[in-house]
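There are two complexes below, and they share chain A, which is joined by chain B in the first and by chain C in the second.
Let's turn to the complex of A and B:
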């Protein structure tokens, strides 16, 4: 055994939704787990957790209100989709286990187990999703019931206009009004994060409460930009509701968003709570097989590289945004193991001319093909390594942006891949 | 506080016909230049454009003000015209031009006879040139290939075709010209060998407009044949598609031309903070639905890299394609050898007395084309006022300046107004720019849309290609009352689709990462792709 090496059961590469949740699932199962990668992508999740947002992949872009029924259609139309490999009960368990973990670290989510929710976004669109942060529970309820409602924006906050939302939704929601408030006392007003930080300050909140009272004309509920605090978000919202005597909800806006940031910070807290060793904001430089079936990974970018000796690796390095896949003019490569990538035959077939094409873009289904245990395949069609697993958006045959299934895909495949790893370990040592 | 925006429009009432001396069809460089020329002669004009300013070839070219050297072998007359007009525009419209000069360079393997003849051909056309040592050329432009074998310096320049047309239109409007955006000709009613009325339709609202004009000028560029056909006339138009690529960073100081007979991807034109590489020449059956393709993009990069090797690895942010309106008969020399000279057609000889077509030509000679057309119009109307566009400088307006890459950051820093938020952070376009543009736009038509604001600014033209700024600009347009009702989402979809057409052939490496983010934001997060299908659940 050499000094300076970290030894672990499972090295998780990638700290987006799939990698981060895989590390949590693995640690919970008693595996000594190391997590390497950037958590920055979690902020772009926006904080909502999608399961499946379209009724069926080939019937245009109709929102699914009953996601588990839509799942049956998906599996029939796209039998290679990763969801088709996982029993529905397992997918449900993945969500339950994950949200219980979040709740244990103080972040509450809301869902109706059999239904999708629809919430108002800052664009005035209705986003279809499965789980929402507690701060958006009243958002979904308000959109569903359309009570008299006041939408409020803050002067100077970019990309959020209450007038826009009420103009967009107002035709079907007569009791919807809008107002704009100047947050005197707050210094940083243009971006969500500094504004959320300002609202942790009691004095700034008092200004807000006073201004809101002035605007109310008997509304039952108030929608605000999703900037109601950072760490003490729940408290900020609860206090506003108590002071005003009505429901207050958050409206998600352009990421990186506060609900996404809260999710990221909660997961980072859980890494500590569950004893996961993290090498965050760092990257795998190369991976070598070591004796037995293990791997040695060299983690950079700075010298000296950290060496991690792992019995197994879970690859959750994402797609192009996560740098798990890299596209050149000639084709698409997997960046760490140079695994074969399922992809359209040539670049002319990557995209449709219609951005919002009802079938989604072919390149968005490129990725790694795996066996039934989520082990990526080599060019012969066999598992490339007995103890290399893959999860999340890097998997082939999933167009998560089109299907609105990003979080669910990541959670479910992370859950299934970790369980498969545990299974192979117990087979080997059982 | 939402400052109320002027939305009152100086727009004609839909009830009666609009009477004017001249109806100009087509809002490209020629049409806007003609509107200014005629307005300066004191004539009242209506300019009808079926889309928006420079929607055709005027907005889909290199933005190159030719010295003329490009045409010395193929068309001496065009070369001389370019030289004269180029010099004139540099004097009278300097704010639209970057007089950066140009180089003609040859690399190993290029035709040595052409290289040897080039100085003589330039001299024959009176085009100033200077032979450069290749080492000096590479010192002046370090991005040039180490395989350079010849280099000449000429007086090429970069010109911003959008700013040019906006400024021409602005002065014309100030002098009383009525501009109808999104307004297409539906039919001509011809009686006694005259176009008596022209029926037009607003393509956004469907509203019909009738114009009664003494003279009608067809300046529809590549669409001139379609307009002429509505008057029962046949024009033989050739449609030559050219694709161009925009780099994220400016690669050279000067215009770089390949010193060889004109072919694919042999010109690289800098403009502000970017460079534009092109072009191809492919015969197409129609000027509509022209899109850059993956194969063209690859061809352009491979060819261009022989001259400027960094093109192989540089980041591109946009591809676009236009159709050169070539006018002429069938021939065997390829479309590049068709004269780039223009065609001024007096249709009195075809039996329509008050109808004129101006087509062909090139951006560099747009003013001359407008002048010759205006001369004919004035003659027919018995007006002796002379052309002034060759003497009077083109005035500079505040709202026309936002197309210049790199300008907005300078102005924003200079003004340093803490309340003037940047809405576009790639190219630093502030709220005040959007307000200035929408105020001007509201004078031109009933609809002010996101795409029209983007056309008049750098919005959506940086690396994020509108992923972020589109949302912020739309929100601000609601706040100032320019957008109303539920139109924001369809406008956002249209804007992103328009950006997409120029993006998707270039998506590899970082731009693909960016497009992943864009789709994640707009499809996965905002669900804008579902919004059109959500009528039922209400």
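Let's turn to the complex of A and C:
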């Protein structure tokens, strides 16, 4: 073994939803795993985990309440969509395994396995999703059953208005009331994260409980912005419910979202728990083949570069924001292996003229095409390398924003790609 | 007679100067915590303290200091052997010259009954002591020339001391050299001490003295009766005169001057030089309290006072203004502090001498003595003072035992009270938009150009901030934003500062609380999903602001905006920007 080198089974490039979950799946399967990349993508996670939010690609404005049925329609309509490569049972297993991992690190999620949930957002709209943080379970229930409900915002907190939400939802929800409370004297925070940290403090919570009691007029449930703590969020919510004697739920805000941050921090905790070696906020500068079919990746940007020798690589470097793909005048490039990228023929075809076109924009389906084992293809249409896999949004033929399937796509493809890598390894060893 | 009179007048002036100097100590005001002390209180409490110390076991500590720090000058040895050697030579050479030569009638004559200035070993020793001083001076000069390349090492005070010392030494040696070949001196001595009026005897003695004692006669002696000359010498002169070879410096000098000897003898040079030598010595004595010579008194006092301080374990640094005044007077401008100063290298970027403790002290001394200083000087003194990190190295190194760190702490208070605080202080004079208004009126539009060429500012190049997507993650993780309760929020958040850069409204950010309250914890930079160097930018803005706001700081208070022809568009944009 050479000095200054890290040796591993699987190097995961990209620390967004796909990369991070792939690292967890791999480590759980006993692989020595190294994770490199920026967690920036996770900073924007909302905290909800979508599976498939729309009934069909052509009718993207109709929410899917039965996601598995919508999935069948999607596969039929878009046979190249990555979901079409994975048995539905595997997708279910990916979600189960992932949520179990989160629960083991103290973060609980809620879902109805056959249905999507709908929850109230900070705009007063409905968000259709598959898994929600436990703190939003009552959100979904309240929106479904519409009991007498009090929505509360904090004076001075930016980006959340209880009045706005109740103005939107109140037409069909007679028992919906809104109030604004001030924690002056205790705290006054304009931004969600500092407020969330403050609410971890028992004394501040006591002020909050007192202020909430004053506003209640017989409501059965209270909706609050999603700022109920960070590290001990479950405890904060449980205590509020106990003190007030009624259900309390969170309403997701725009990023940076506290439920998203809890998810990110829980995953980072799991990296440690599962013994994953992380090189976070660092980038792969180049990758070379090393003898015996392995790869050597050089991790920067600062010199001296860290060398990682891996038996396999899982590429989850995302699209343009994640810098896995790079758009030039002449076309779209894959940034690390320079793999061929499926893309519209020329720039003129990247976008429809209509911004909100019901089909979504062609560029959003650009990405890497793979074989059935999620190995990216070379220009001949064969797997570029026997031990290079790809997962997440970098995959071609998926428009996750349009179909509202981002987390599910990342989890399911990461799960499938890791399993495929394990499979090729055991094949190799007979 | 004239001599005695001038001596006593000089002595009186010396004591007067000393008194003026010491009373000056009581007028010193430094820092905002302590006030002036009355004359009576000062005298009374000093006497009390001295008495108490003399009766306490601390007297032994003071005596130890007297031996090690003043006698052996160990604090100097700590700062280098050559420096110590130079000072030891000058100190002991000069001290012994004063005691054994200047005060010979009182000291030497009392100790040695057959003392005569021209007798060995005194003749030799005088030359030796003089040589020691010269050697010390030469080493000191070399040291200062060497350091002068790095920073301004020598000021007027140092020069005055060197010149006075040099004049005393030079006139002394010259006097001795001239006296060696002086015919008038020979004649005077012969008239006084040789009873015989015999012309032949005198001629014989002249022969002997011109051969053996290097005297130059206008008329070469007629006789060559060396034997008689020697006998006469043994009889009349030898009791008081050793051979001049012992004057190992004066004799060679005298030999060099021989060609001029006749002329010098004729013009009674020995007499004039004698007057000159005494004159310079008296001048030095009168000036002693007001020149660097004063450290001869103030440094031992300072060191002994320090020894008398209440002992460890927790010695509190004293803040007694009178004692600090004494200590400032004990600064010898030796430059050791500046050599060890942690922030001295900053002077390569900011060419301000007041960054160096040895130079800053001069300004601080004037400040403490209530002298009027120009705003420019105060500005520069403030800049230098607030760059100091109070790391304590100067205090540890100072061979004179000055409480430098205390001085810096207190002088910073004084400067702040005089409206010359550190940038963090004065930047609060105005809100961010008021600063921006001022910058708009400032005639110098791009005073940074030169600076920009030298160090590229991160906040100047669009690549650093153009990737910002205003996601507010920086704001959310910022502990400064978080710490702002409802009463004192920062006027803007990191993300808003980035936005101002994107809108090319940097001037509006320069005076903002966010820029100045940033604790450089780097959370924003570490969390930024776009990899923007948020903290580096905030810090850079502070650097730019320090210079640019400084330039518009002294504009009249609230110059009316109506002075501008129309409401300037940026003002309107600015309001929306926030």
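Throughout what follows, the second predicted complex is superposed on the first by the 425 of 430 C-alpha atoms of A that agree within 3 Å, B and C clash if a C-alpha of one lies under 4 Å from a C-alpha of the other, contacts with A are read in each partner's own complex, and residues count from 1 in each chain.
Just so we're on the same page, contacts are C-beta pairs under 8 Å (C-beta built on N, C-alpha and C of every residue); 3 or more make two chains touch, one makes a residue touch a chain.
In this text the structure is predicted, and so the values were computed from the model without any measurement.
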Partner chain(s) touched by A:130 [first = chain B, second = chain C, both, neither]: neither
First, second, both or neither for A:190, with chain B first and chain C second: both
Of chain B and chain C, the chain that contacts the larger number of chain A residues: B
Partner chain(s) touched by A:156 [first = chain B, second = chain C, both, neither]: both
First (chain B), second (chain C), both or neither touched by A:402: first
Partner chain(s) touched by A:40 [first = chain B, second = chain C, both, neither]: second
Which superposed partner A:281 touches (first chain B, second chain C, both, neither): second
First, second, both or neither for A:389, with chain B first and chain C second: neither
Partner chain in contact with A:255 - chain B first, chain C second, else both or neither: both
On chain A, the residue positions that both chain B and chain C contact, one per complex: 44, 156, 190, 255
Residue ranges of chain A in contact with chain C within the complex: 38, 40-41, 43-44, 156, 184, 187-194, 197, 255-256, 281
Parts of chain C lying in touch with chain A, wherever the complex brings them together: 471-473, 475-477, 481-482, 485-486, 489, 493, 526-531
Contacting residues of chain A [partner chain B, same complex]: 44, 46, 50, 53-54, 60-63, 65, 118, 121-128, 155-156, 158-161, 163-164, 167-172, 180, 182, 190, 252, 254-255, 319-321, 323, 326-329, 346-348, 350-356, 361, 363-364, 400-402, 404, 406
Chain B residues within the chain A interface of the complex: 1-2, 291, 293-295, 298, 301, 419, 421, 423, 468, 471-472, 474-476, 478-479, 483-486, 488-489, 492-493, 496-497, 500-501, 504, 507-509, 512-513, 516-517, 519-521, 523-534, 537-538
